[in-house]
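Chain naming follows the written order as A, B and C, and within any one chain the residues start at number 1.
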Amino acid sequence: MISRLKTVYLAIIFLFLYAPIGVLIAQSFNASRYRGHWTGVTLHWYESLFTKSDIVDALSNTFSIGILSAAIATVLALITCIALREVGKKSRAMFMSVANVPILNADIVTGISLMLLFLGMGMRLGYGSILIAHVVFNVPYVMLCIMPQLLALDKSFYEAALDLGASPFKAFTSVVLPEIRSSVCAGFLLAFTMSADDFIITYFTRGAGVDTLSTKIYSELKLGIHPEMYALSTLVFVFIAIFVMLFAMNRKSNFKAEDLL
Amino acid sequence: MFQSVTVRNLFLVPFCLWAGIFIFIPLVCIIYYGLTNSGGSFTLDNIAIITQREYYYSLRLSVVLALITTIICLLLAYPLCLILIERAKSAGTIIILLFVLPLWMNTLLSTMAWQTIFERDGILNQVLRLLSMPDMTLINTPTAVVIGMIYNYLPYMVLPLYVTLSKIDKSIFEAARDLGANSWQTFLKVTLPLSLPGAISGITMVFIPALTTFAISALLGGSKLLLIGNVIEQEFTVEYDWHLGSALSIILMIFIVINMVLTIFFDMSRREEE
Amino acid sequence: MENVVKTFGSLTVLDEIELTIHENEFVTLLGPSGCGKTTLLRILGGFEMPDSGKVIFSGKDITNVPPNKRPINTVFQKYSLFSHMNVEENIAFGPKNSGKSADYIRGKISYALKLVNLEGYEKHDVTKLSGGQQQRIAIARAIVNEPKVLLLDEPLSALDLKLRRSMRQELVRIKRETGITFVFVTHDQEEALSMSDTVVVMNQGYIQQVGTPENVYNEPENAFVADFIGDSNIIDGVMVHDKLVRILGREYPCVDVGFPLESPVDVQIRPEDITLDAPQEDALNGVVTKISFWGMSYDIIVSAGGFDWLIQSIHRREVGEEVSLHLDPENIQIMAKPQSEDEAKLVEQ
């Protein structure tokens, strides 16, 4: 009885989570270009998707900003975490809380404050300003991923490498980095996800003519969204779903939920 | 890992520069704009504007909706996490993956899908009509906004809670039962206190974005339901009054700082107990 | 090592340590946790810098030589095998760093695996090996570099009792076959006594005694060593004159000479060296207060002369039984009382 109640509860939550996604996927096949009016099934939006240069541009911006900002954030976080491993507990906590400001702060405040900074520096808002802003909020996420594993890593791994004749740099790249690779990857992926999904900070730090998928969608909201956008989102979602499932199958044994977020 | 302290400190330089330029100075900028007028002289007028009715109402509405969202998320998340942990043992991690998967759908699009569901002739009402039940007016109501927020922020409550709960040694629950506690007592006296750190970070991760969002309310609340986030956005993108927008942001930051202080305070008192 | 001093903050971990390690020796640093033995080992390995003093290796000062340039290798407490490399890659890591040829490395790997009795394990995943096997790989990984000195930091502490016993003999064999000087750190006196040529007993950053295992067991220089190694009865005594000591109001002949007349001393008697008899007049008589069985023998507590004696005997006694205690002169070990307050504090620990 209780077990059935639990299943029902779970089912309701999953229905709640997947209802909008179902709606979006349905819309991507809807012949009508208006939401909520079902006029039949079509694959038209998938065909015309790649002829829409503004959508393709937004997609490529989203991807390139996501990858670049995640990469820069990972390098910066890695350098910082290695040093923070060696400082006292108190200074480390202090550094971490400074780094966490963009996470704890509201996106709208971070976005506005960065916009004020960029404009104050006389910088033109555009691709570069979005990229910098994304690195700003990605660094703490990557640090939060890397720091625990780096702290848990026994110092003797590094020392063993030195002991066996490796230079400090080689000891780091050939021993320490591989030992913490799972958290570095997790940090990178998390940063990419955060970047790709961000709307508010991008909205304030972007300039005219540069769009990511999120800002593109927002600007289309009032005029009605191009159905190609549904098709694109469906493709991205299905692609990620397959990727995540394969990922989980592959490392079923040592997979943890924390790896995902 | 460093032969000398100097090398270690050298490694901290990039971060310090970065934090200085892109975390510290921007906050100074926002405070500067918030406390000055267009002539550049110091004023508290912009801050004081919050006492005006429309601004005050927006702020109050934002706080109320964010609180409701946070509480509902918390109430939904506890049973959900406990069930997920239990099911993950038998069903494997797939069930957790299924839970996080919707996070990868664009936030704006899924919120818009809720709009499609809630509309006057939306999917929900069409289903209700099929069942010969009366229509529901959800779109452009606070309820719709709260549902949209719950949808978007529930994972941020579930994930930290799930991580903390799954780290608790199972034998602790068994010990509690062994010592005669029923399941409700076990939850109150054992599960709840042990999972509090996860719940606290979940609360922060839901409350702050819910308090400050403007996209969800713009999509599901219509043009009449203005949250403080919408007001700030309009000051920057429609009214071009950066000083007023910054001042309102400072007021938001006060909430954030209170939240941080409470979290740190809680963290410290918990450590002292340990 | 000369005058090595190491402090962490206000804590002096090592105080003016002087220690000479000879070639081809099996040296054990023995002491309770926090005595500075691991720090001393890390200074030898180059992972810590002494605040003052020097590390001299074959006449050369290597105090400031980084660990990757020392002819010394370490077997770490938790083995620290690189989990992303297989057995072969782990062992090859050192020789590759020193630019050895692939053929040479291959030969060395099979030699090293043979030495640790793990032939054919080249391609195994190190994380799937048992604790004992990981231990052997860690040793193989260190010795392929042909170090002059091998440092072992409590390498057996993570193994279970049986495995620990067999690994002791293995280590002694590997040491003999390779001719490498071993410096072994442990808090386990049994390990120290059964394996080493030389035992260095340490406490609170001081070396308490250096000697052969027999030496430190039979002739401890102070009460700390006596108490730490094996079980002991340590009693206050007074030296009456050479070869005569007064304990608990009775005079006993002993074999030690050279203590000042009427000087207070610590007297150590091993529990296995006390024989129990029926109570006699003119002997130290007492009552059995406790007895526990340990498999090979009984631990018997006898209250006699106001002192609780620990006696190990293969004969059972009953609680409440009256007995007399007999001591042979050669089993009475006289030790000087600590000279300074600082030393006294150490001994009390």
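General observations
We adopt the following convention: contacts are C-beta pairs under 8 Å (C-beta built on N, C-alpha and C of every residue); 3 or more make two chains touch, one makes a residue touch a chain.
Values in this document were obtained by computation on a predicted structure and should not be read as measured data.
If each chain is drawn as a node and touching chains are joined, the picture is a simple open line.
When chain centres are taken as C-alpha averages, the shortest distance to the whole-protein C-alpha average belongs to A.
Between chain A and chain B, the centres computed from C-alpha atoms are 17 Å apart.
Between the Cα centres of chain A and chain C there is a gap of 54 Å. Residues of chain A found to touch two or more other chains are 168.
The set of chain B residues that touch two or more partner chains comprises 3. Of all residues in chain C, those touching 2 or more other chains are 66, listed in ascending order. Residue ranges of chain B in contact with chain A, taken from their complex: 1-3, 8-9, 11-12, 14-15, 18-19, 21-23, 25-27, 29-30, 33, 76, 79-80, 83-84, 86-88, 92-94, 96-117, 119, 121-123, 151, 154-155, 159, 162-163, 166, 204, 208-209, 211-215, 218-219, 229, 232-233, 236, 242, 245-246, 249, 252-253, 256, 259-260. Note for the complex: chain A touches chain C at residues 154, 156-157, 159-168, 170-171, 174-175, 178-179, 181. Those residues of chain A whose C-beta lies close enough to touch chain B in the complex are 6, 9-10, 13-14, 16-21, 23-24, 27, 35-36, 76, 79-80, 82-87, 95, 98-99, 101-102, 104-110, 112-117, 120, 132, 135-136, 139, 155, 158, 168, 172, 176, 193, 197, 199-200, 204, 213-214, 217-218, 221, 225, 229-230, 233, 236-237, 240-241, 244-245, 248, 252, 255-258, 260-261.
Only residues 45-47, 66-69, 72-74, 76-78, 80, 82-84, 93-94, 97-98, 141-142, 145 of chain C touch chain A when the two sit together in their complex.
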